[in-house]
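Below: a set of structures, written as structure tokens.
Shared between the two complexes below is subunit A, which pairs with subunit B and subunit C, respectively.
Up next, the complex of A and B:
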């Protein structure tokens, strides 16, 4: 009797369960009209990049890009370069110090308040009042004054001309709603729902730190184009290639050693599209160069760092760990594909003999039974020359090779795998000897401000003055020479020893969303990721609605304005022989009666 | 029933012998140096029977050398745990006051969830074989200590112990000559239980990336295989992930069989199903 009851109960339960599953499936079917795009948010070392408000995102590229979906900047970048965003257009005075921005009249905040020039003024003053709180913004002191001319015109006055103002400030600082932030005294702890109200094309629905997931919905009232999606989710998945194949996610990015997965997609799965990225990223060994021997010894000795550089076989790392999914890095940090690249930086030939000779001449001559060198008598440290090498688990293969390489020159290494957060904290605190870490943005000289970023143990006043000089240098060739010098100093002084630049790929299902691209010179100040908010937008300027700005679009507009009948050759407004957003902006300004302008 | 146990025991012993031989003679058995790098991601071939991994190491050689690491850790931890656990168990069972103190410490350590705490500590310390061993030792001694103590508690009330005392046998003499030999079977079974536990836990830690990245144990091979982005979407798992997994399974299986067979040898009640009733 009891058994029968039990069986009945099990049957009932399973029926109820299958019914609920069916109901759920119905629900999914009903929602099919809504377009959801899911991205595998995992980047090396994790997928949680903090609450995507302007002051609380984790200060690395993926954190900024998740915030930038919610907040707009005055300018932005697409695949070709700088385009208008909250500013429709701009002019700059001849001395390069006074910038006038003409703002979009249709922009609204997510809470439906109007966006005006006051918000721009407020944002810059707020950032200045809370200097250092927005960790992604380092040049705020270049701004002298902000004047509101009318609701939609704002003038920004600089202390000195700034070569990269249009990208590094106008294209980087998220504009905040004054009506919300005026009452916020401690922006780092402000994590309300109001903290994520911006003007961007997406609104935040949910952020889950534990699950590393970000859920956004479309802002249908967006001022700068029509939304292509209804919902966007960035989530962590265990096995990204499998998730892409089964449709659990619609886009995955790969890099470096993951070339084998990309090859698999290329060979066996033509239904997915592969975009190759600019790979503006560098992996490097960061040395503690603190002049204070209690902290920096012995890595603060230049010859010691040079010995390590000679002792690391970068080519082997590229061929074995990366499977040739990257290239040995420029020792001066900037990427070889960038216009700022200096090909003449010092190169450290892999040669253990040279390394051993240097270490011997430094007095590290005694060795223990395992061949590990001993510190010279009377040095700051004693015993074995041994270090912890901190790195994210993702780079433990690289760390393993370096460990083997350095053992051959008598330096002991303990590899300590961790995650981005603790390692960055360690670097900022200067509590390390050697770390394997990396960063993007190496197409923008701005990244050279702190060459060992995020560590700041390397101090060189001469270097700093060259950096400042290039920052205000408006002549491109002279500035390039200065940036070349910076790279040479880094290559000679070795605050970091660069290892490699990984290739990057974005693989996606074009049936779900076909607009993925890599931004020219990276998103914002140079983030080499594919998560640009423009992928969610069908933007204005697309007169023939083919999803691209083409000659036809511009010609059509131009003919409308100029009331021309023939196919004249007038469409190239900035005369660079290419049609791009600048041309469209130019024409838009003609319509609005603000031309001619100088385009930065 | 009894025959079955014997057969299983022989099989288990056979498996373990094979692994021990592989571990001891790894340099002669492995076809390549496990650190030598060849072309990465090669499929199995006559020169690389299990192919090569993501950085070009010969996978078979890695696994052969991994046997050394995995068995070494298990052996060292089990031996030390047994030495410490047995000594403490003997003392705790024989001397009431000291025993009380020791058992309270055991109680405290036993209430701590073992694996989660090991994971937490392992993520903070330098990953190396010796640190892993030290970590396992923190917990390894408690179970044997408790089990040995309870056995000693019954043994010390036997008449022959009283007799030995009456003719002037010292405490140490009694423990050494009369009690220790009687608890050895229990120690051996505990040794095997501990070895099984350590092999599984070590693989688990390595799999989570908390092991020594350079000491290539089976768990580490498994870990790097799991990190490979195409491990599930191609055939790679068959020669990279499966073999170290099978090694772990077979070692644990071998240990279990041996333990099962020994249980019979040491527990006479199992020889005769009614043995327990006769007393």
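Up next, the complex of A and C:
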């Protein structure tokens, strides 16, 4: 018997939905005849994210999200987790290798051709042929075979069970129209108007790389819900807060230390709405853990790394550099707002005395006249305990604070800021002691593959086997336990010492569009941005602004929750006698708001 | 004959510079793919050795340097500057899209600051030591001492936010529909005012001081005294004798600053989110985008060498002695 996988998210929104439908609907104000929403697209010089076709966007989160407005995936994510998109529902075999997707029968391409299962099969095979020339859809290679059962049923066979399949493939890979892409031999250079024909809620009107601007229009024939806007523009602005205040744009976002601008909106401009989001980003000190002493000494000594951890005042960094626009990081890397967070990781309290005691016990007892410790006699290195701390110019303030902190425990630091290129070279060659570097994606356990990413001087075969085990573990709770273990190992072994997680904020004019939100565990594979296509769609009972429900306006999700859609496999799954009781209990807990929402 | 050898001389210079343009980006640490793994990005891309090789082959960066060099040179001759790795578009297209705006911004502001600088410098020198001179001197010294990005922010706050009479973002209203070409030109000029004013204010000092000094020197020359002795009118002496001779160093300086002007707009581009070559170069360097770097350097080379060539030509006209050297 196939184990029926329930689409958790279907039920997640039932509370919100029933509340908003059954209660008076005061949701959306009457819509203007022609509504345009403008968003600030990024920092000056960095608001261009490439032509929003599946192979030409710049491989960064904002590039992917601009593409994802045009192209749909089989699944997607909302504020609570995974939801159906081009797929109405799905089942998975007991061995976790065979996924059957039941596709939406109303979806059409922007050129009015019908979307069918053939497009899904074509996309996967096309991606596998061309993935090497692009970097975003690597996960596609987990797929072994695709079979079309009928126009709206497709079966995907994997090489091995893949726990993150619904997120990393089904929720990430944009489905391409076969009738257009079948003739495209080099997708990296394919930038015709046809290259942006998808099934998404928006259609591309214009893109100007030099002006860093994108213009989209509503796809009124969208198969799942009514469009809230007629036009959407992403553009470059010089001074984001000023542009929002003058009405040049309707939404801007801020990051970390920019909390000062956010505070100004909070205090002085109550007409704007502020949403706080997790950035799923971490800054960390990477240690050279190479067991070969000629390369790794002394940072390859665990106690030495622990001493440094005790010697760094992370609260001070958060306050000085981020203006308290963030939090000291989880020592196990995964973000506290992610479902994968392990709250029980080891914490290294800032305490120079503890740090000094550890260093003394390691034999680093002699000090020079400036208080810098000396290497013990006979050690791999001799003289002052001094290192270069390599980092990009962006993090030189953090480096400066760490320099001061470590001087207090007798470790000398030279800060060496540069561009990323030279640091990348050093990391690849293992030619470093300590590097400050950060990365995003810490809502997706796949980022834990190399804990000291992007370096790989840390070797731990036990860690690697836990990682591999969680990759194929289909049981959510068991997988969570494995990911918890990975975090504990990182926190105990300190291949990296995490410093902070910055916050993000989305500040917007609610009179223009009031639906901005941050996606649970990020858009696609974990993009922390607020530009989720769902903001353009009437959802969760807001579909109708008059307090009445027109069946045309009710989205797929809402239909299923109301059990109105007899044909839907997903709705059936919900009432099926064969439901695994363990899952039901969990879902019921979620509906009651008593359990964290998890992606399965 | 003389001009032909001059052309040959410029040709050799361009050839040497082109070779340097090819080797410099490749001498930088990191490689053309490092930007992909820059963990500062929101979603890091994991790169296996296998994938790196596929990508390097795709961009032709796996070939020996000599072969890449030949491809590059042949490409330039054929007008093909290659494919930008970061922008995923033809280099020529990427550059031309931004060059238009840089030319509008730099062209307008250079014309204005040179003309104004010459006029004010000459006026100042002519009125040396008097109130008018002192007034000009003090105000221009004060303005020139502000860094350009500070001036830009100041102008943006006053005229863009407080008074709200000029836009502070972009070169044109995004995706506006115009009823007439005139309306579009007005929109572009409207967006141009603040960035151009910033550039004019931050660059006028150089021209002004050079012109004032040069003019003061000329005014002390014997031939000016002779002209005065001949009883020529002051206006005639100023225009015919003094101004023409005092202009020579200005021509040299203008030619030399063209390159800096194109690059130096980066602060202004940043403050006003104005599209242009400055930010493009910055990004190309950050991302080690070899083909794009080569392309931008090529354009810079042409601009600077061209400006020097034009300056040489103007020199010949302004100073008959130059031709006989």
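Note that in this section the second predicted complex is superposed on the first by the 312 of 600 C-alpha atoms of A that agree within 3 Å, B and C clash if a C-alpha of one lies under 4 Å from a C-alpha of the other, contacts with A are read in each partner's own complex, and residues count from 1 in each chain.
Here is the rule we use: a contact is a pair of C-beta atoms (placed from the backbone, for glycine too) under 8 Å apart; a residue touches a chain by one contact, two chains touch by 3 or more.
These numbers come from a predicted model, not from an experiment.
Engineer: So, A:332: does it touch subunit B (first), subunit C (second), both, or neither?
Structural biologist: neither
Engineer: In the overlaid three-chain picture, which partner chain does A:206 touch, first (subunit B) or second (subunit C), both, or neither?
Structural biologist: Second partner only.
Engineer: Subunit B or subunit C: which reaches more residues on subunit A?
Structural biologist: Looking at subunit A, the partner in contact with more of its residues is C.
Engineer: Determine, under the contact definition given at the top, whether A:320 touches first (subunit B), second (subunit C), both, or neither.
Structural biologist: First partner only, subunit B.
Engineer: Could you say whether A:397 touches subunit B, subunit C, both of them, or neither, answering first, second, both or neither?
Structural biologist: After superposing on A, A:397 lies in contact with subunit B but is clear of subunit C.
Engineer: Should A:260 be classified as contacting the first partner (subunit B), the second (subunit C), both, or neither?
Structural biologist: first
Engineer: Which partner does A:61 reach: the first (subunit B), the second (subunit C), both, or neither?
Structural biologist: A:61 sits against subunit C, while subunit B stays out of touch.
Engineer: Kindly classify A:243 by the partners it touches after superposition: subunit B alone (first), subunit C alone (second), both, or neither?
Structural biologist: A:243 sits against subunit C, while subunit B stays out of touch.
Engineer: On subunit A, what residues does subunit B touch that subunit C touches as well?
Structural biologist: Dual-contact residues (subunit A): 239, 242, 245.
Engineer: Show which residues of subunit A lie in contact with subunit C when the two form their complex.
Structural biologist: 38, 44-48, 50-51, 56, 58-62, 64, 132-133, 135-136, 138, 188-189, 191, 205-206, 208-213, 215, 233, 235-239, 242-243, 245-246, 248, 279-281, 392, 394, 418-422, 424-425, 437-441, 447, 449-450, 453-454, 525-529
Engineer: With touch defined as at the start, can you tell me which subunit B residues reach subunit A in the complex?
Structural biologist: 35, 37, 40-41, 54-56, 126-128, 209-210, 213-214, 224, 228-234
Engineer: Please give the residue numbers of subunit A that touch subunit B in the complex, ascending.
Structural biologist: Residue list for subunit A touching subunit B: 239-242, 245, 254, 257-258, 260-261, 264, 316, 320-321, 323, 388, 393, 396-397, 399-401, 403-404, 414-417.
Engineer: Subunit A touches which residues of subunit C in the complex?
Structural biologist: The contact residues of subunit C facing subunit A are 28-31, 34-47, 51, 54-55, 58, 83, 86-89, 94, 97-98, 100-101, 153, 156, 160-161, 164, 167-172, 174-175, 269-275, 279, 282-283, 285-286, 288.
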